[in-house]
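Right after this note come the structures.
Here subunit A shows up in two complexes: once beside subunit B, once beside subunit C.
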Partner chain A sequence: MSQIPAFSSIIEASDVVKQYGTVTALSGLNLKVTRGEIYGLLGPNGAGKSTLIKIINGLIEPTSGTVRVLGYDPNANPVEVKSSIGYVSENSTLYESLSPRDFFEFVASVRKIDTKLANERVARLATAFGLNEYYDSPIATLSMGTKQKVSIIASLMHEPPLLLLDEPLNGLDAKSSRILKDLISFHTEKNRGAVLFSTHIMEVAEHICTRIGIIYQGKIVAEGSLDELRQAASGRQGGAATLEEVFLKLTHEEEEIAETVRTLREAFFTTN
Partner chain B sequence: MKFREAWRLSRTPYLEVAFRSAQLNRAGNQSRFSRTSPEQGVRSIIRSTRISKITFTFFIGIGSAFPFAQYAIPSDHNSTILISAISLSLLISLGYLILYLFQILPSFTSTEPYSLLSTLPFEPRDFSLVTFLSFVRTFDSQVICAIAVQVGAMALLTHSAVASFLMLISSGINVTFGIAIAIFLSRIFYQNMTRGGRSIAVSVSRIIFLVTWGIAVMSFGFFFDFLPYLTSYIDHAVRSNLSTPTGAVFALVHPFSSALVITSTVYPSVFGSQAISALRVLSYFILVFYLGLGIFLGRKTIGVVSSAARGQGVNIIRKATKEFSIKPRAPLFAYILKDLRMATKSTATAFLFAFPIFEIIIVFLSFSSVSRFSATIIFSSMSIGLFFIMFMSSALLNTEASAIDLTTSLPLRPITIVNAKAVIVALMYLPVPLVMLILENHKILTSPVLVFVPFIEILAVSTAGAAQISLFIVGHRKVITEIGNKRTSKTVAVFQPSGFSLMGSRDMVRLATSVALGIGLLAVPIGSYAISYLLTSNHFTAIIAMAVSALVEFTVVELLLQR
Partner chain C sequence: MTQQNSMTDVSLEGNRVPTSMTQIGIITKYEMRNYFRSRRFFILLGLGLAIEALLTFLVYHDGGSSGFVNGLQFYSTWWGDSATYIVIFSAIFFGGDAISGEFQNKTGYFLVGNPIRRASIYIGKWFAAVAASLIIIGIATAICLVNGIYYFGTSVPSQFGESLIFTLVYLIAALGLTFMFSCTFKSSSFSILVSVILLLFGFTVIEDLLDVFVHIEPWFLLSYGSQIIGNILMATYPAHTTTGLGFGGRHGAPITITMFNATVLEGLAIMLLYFVVTAVLGLVLFERKEFN
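Right after this comes the complex of A and B.
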């Protein structure tokens, strides 16, 4: 595990605003993720999940507000912050002409991982994720799921205190999803690291997250454990059993969905 | 499907391919979007694609027209000049087209732009036509411009309808050959470079392939550079009524064969005094043969583009491994290795690795004609190599491609990235001083210390490369930190992945600035040498002045980057 200052909160974001021209992606967002937490970021498309993850990683600058990762400003101390983060991007953009072996070699070099450690970790992870057949093929020739596995292995190689996973289960098969979920749990329980991940899969968030934040129109509109969110949602028009119901209630999308489905049914299924 | 309908439909996949290509060249659209709205970002990319097309159309137009300028001046050798002008014009348009296609072809290796199209209920023939037309749209204006300029010039200068018509056919054949050559070279490149494996034998065969392939691409792309050396042979062949062996070669090989046929309609004596000679008949037969070959290659190209759009014809060879060892290295070295690996696996940059071979040939040619090496000879021979490396630094900016977010997510300082690329630039220049050193052993030098001149210039090459690259990817930003009541500010170097392309107007300005900066930094040590020598008439003092100035500019650039 990397040498890091002993801060209890790994991520602290206050009043973060991000504007792309006239589009507001984040509007005064506040977030705190502490050690040992798996924080699930749930939100509809375009809610600002990826933008938030990129700001935390220092890939883009917020228009206003402050972000601290292990006490560091990602823009003032990019190298310190990026050394402490393992990042899986939404689209798994990798160096397509390299093979996974060349890519891991590059990442291990840049992250200055000890040769023996790097070899041990890569061998175990590559075997676990079944990369044997693809290890020396150009990444461009791999399927989306295999690319995602390569991206995940690269993010775990240096055992970072913070994992930022943007839709990490995209394209993964059942076995690999299970392995990743176990690794995430192990990372927070044993290593006392933290994980912030965005997902659309409610079942995953429901089962592995210690805390869930619902992001809507650039703000965290509700936050807490699943039970806490259920309580918050049941305050609004009846109870909610599953996270999906909670999510739809808190983002006010339940009525909109009902109306949309009614319109579609009328349009497509009433001609007979 | 009617051609008009197919042409209209082809616009959508074309825009998609053009967009992806521009996105690749811009290296990191995400970061660009961070400053503007996503809509503006997309519009900007599409606009830059148009600017790119216009720019290349302009260059191909000028390149195709320029050779005819010499024919406008009356001369005793008008037939030779016309043959040279037609040949040169056709070679320039062929070379430009091939080099341009290598920049856009990587976007055609993906089936994604056509994925929606392939789900629609098209006849296979219609699908082929639409995909081919979307491919044609990427270079339509360049092709039309080249053909129009060549036919227009012919009509204007010779007032011959027959000559103009034959020029139209020859230009069409020439363009078809250009497209077919680019696709053929591109296919064999991907077949070789996408093969898995990591053994020494595989690596060696890849390097051999890369250099051979690069020489082939550059030979087609820059063959017109050699034409001035061939003019005397053309003149000799024409004077002997093409009865010499070289005359026969000219009569058989494109584009000289076309040039001879076209010229013979204006100057019938090119083939001798007889109205019907064997060579004349043969030349027309060759033109018909090339026309047939052009039609065949055109049809073949349609098939290749269509199968590529469907994702067919891609052979992926995988070799399972149980051995997962990796060799972590120092970050700078790892970055150099990564850039080299990536740059050698893209058609857009791979041919640049044949530069050292061309540098060696050019240095060898310029040195072999003199018996005594003066400082002037050494500087002028070096300048060709220096010209080549100016391309290299800008081309290396494209190696990140769409994975710019990945690069920026790693704990890398901008100076590591810049220095890694600058080292590659210097490596590409290294053959020049080495070849000079070998050649200098066999000739007399004005002063023995002149041996050091090309080696000192390596430092200037690294400085220029670093400065040029940093102009594109490094920015400085003031960071204010507040801890309690204490407020501190510092300026830090940040990675600005706005990327590089020859497309946007802003990038053109930056490119011009970068070229001016590169030339300036390369010239400073040479200027120091010249001034010092003029003042002291001592080569040793001049060398010291050159070394000091190279070291000073290197230090200044590195210090600026380290901030």
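Right after this comes the complex of A and C.
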């Protein structure tokens, strides 16, 4: 990688609004991710996590607001931005008739990675993720977790400055999850790059993220390190020890859950 | 890159992408690989071979060359009738869901997430569809020619060559149309269905209705332009003809049917115009389509 000044912004999003017809997915969201950061995006289903990641990657356009990736508008300069991003989609499907080998060759060619270099990188990653035995099998025959590994390797092949990972641990076994978490950490060492990833797994966010943003109803409602979030949450009724508790407090779901559980208990467990 | 990086002084590392032409080549190569590993290519190949085998058998069964006045009539019957169907099926099979399939199967999230211009994806896929169709058409042409040469010798009428060229023009127009439908819908089955309805029945039905009831030359229909594929193989190139069907019309007026026939230049113009308009529209639609 080339010489990069430390702590420069990689993502800047200001007042981003995205509407699908009458549904508002993002409502004036602001976000800044700098080099060296592992930014975890947490939020309930439908909060706008995937929409934000797709906007950053230029797959969809915001209704209003501005997004910059390394200073470039993803919609005005899609090729420039995408060449700097490694993307794992939440619901991407790979070309089933191709093998992982074909797939990596395709990625190497569209990203203009030197063949020898691409082969070396893929060989290392494939060995790490235990993909070697499936290397020439059609992707259609692979398990969901193995397909996810193919997708992850493809996103890392060009050593991008920005990794956008939308629920990357879906389907991964424990060993591969651990390897991916370590790779994410390596990626941001010495401020080489940044990672933005969404997850539902609180422990992962708690352990590897340098900063966490809680997205709720299309906005970042709280942001900071785990300690900062704990402090923000403790300002509301009672303290919060774990990220899960912080998350539930900040998204106002704690009371709702308590009410739901009480209702269920009354309905199912009090019929003596 | 046109925009000054105001926030940082970093360059986009790894920002090396192939030229647009190389991108098109890469997409074409992998789309072709995808076709050759998919059932649809072999289904269409089998269909084409079955049609040609049936024609070979029927001509042989009916006495071979004795059933035809000359070579031109042979090629007219064999090629003129079947070529348009081979083109239509190729356009439906290879173009009907070329783009909509990326949305429906969600493979587009991966494909468009790469630093490839959408125009390169569109054009690359279009070239792959043309190439796959040309293999099918090539095999059909070869079988037709082998039969023709067997019955009438090597002096193949020049009109067959012209008809073949018109077939290729029809192919690019039909693929332009099916690609446009493929960019209009996000459902593969919907875009294929619309392509099937229009290319197999819709255009022909509208053309017939216009001939019979309105007496308007259907110059705006692709099927009208494609008539030149068969017409060029006729001994005398057909002109517009009006036929009376008696006095059964309103107030005892005579009923007439006008059979319009496009000239070669009109036919070529219609097909090329269809290609240009649908290619541009399809590309614009694809550029604007969101992967939400």
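Just so it is clear, the second predicted complex is superposed on the first by the 261 of 272 C-alpha atoms of A that agree within 3 Å, B and C clash if a C-alpha of one lies under 4 Å from a C-alpha of the other, contacts with A are read in each partner's own complex, and residues count from 1 in each chain.
Simple rule for what comes next: contacts are C-beta pairs under 8 Å (C-beta built on N, C-alpha and C of every residue); 3 or more make two chains touch, one makes a residue touch a chain.
Bear in mind that the values here come from a model prediction, so they are computed numbers and not experimental data.
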item	value
Simultaneous placement of subunit C and subunit B on subunit A, clash or fit	clash
First, second, both or neither for A:Glu133, with subunit B first and subunit C second	first
Partner chain in contact with A:Glu12 - subunit B first, subunit C second, else both or neither	second
First (subunit B), second (subunit C), both or neither touched by A:Glu254	neither
Partner chain in contact with A:Glu37 - subunit B first, subunit C second, else both or neither	neither
First, second, both or neither for A:Glu159, with subunit B first and subunit C second	second
First, second, both or neither for A:Lys112, with subunit B first and subunit C second	both
Which of subunit B and subunit C A:Val79 touches, first, second, both or neither	both
Partner chain in contact with A:Glu167 - subunit B first, subunit C second, else both or neither	neither
Location of subunit B clashes with subunit C - one stretch out of 5-13, 23-31, 95-103 or 167-175	23-31
Footprint overlap on subunit A, where subunit B in one structure and subunit C in the other make contact	20, 54, 57, 59-61, 73, 76, 78-80, 82-83, 85, 87, 89, 93-95, 97-98, 102, 106-107, 109-112, 138
Subunit A residues within the subunit B interface of the complex	20-23, 54, 57-61, 73, 75-76, 78-80, 82-83, 85, 87, 89, 93-99, 101-102, 104-115, 118-119, 122-123, 126-127, 132-138, 140-141
Touch list for subunit C against partner subunit A, complex	1-18, 23, 26, 30, 33-34, 37-38, 105-107, 109-110, 112-117, 290-292
Residue ranges of subunit B touching subunit A (in the complex, touch as defined)	30-31, 33-40, 193-194, 196-198, 316, 318-322, 324-331, 333-335, 337-338, 341-342, 345-346, 401-406, 408-413, 477, 479, 481, 490, 492, 494-495
Touching residues on subunit A, where the partner in the complex is subunit C	1-2, 4-5, 8-9, 12, 20, 51, 54, 57, 59-61, 68, 70-73, 76-85, 87, 89, 91-95, 97-98, 102, 106-107, 109-112, 138, 151, 154, 158-161
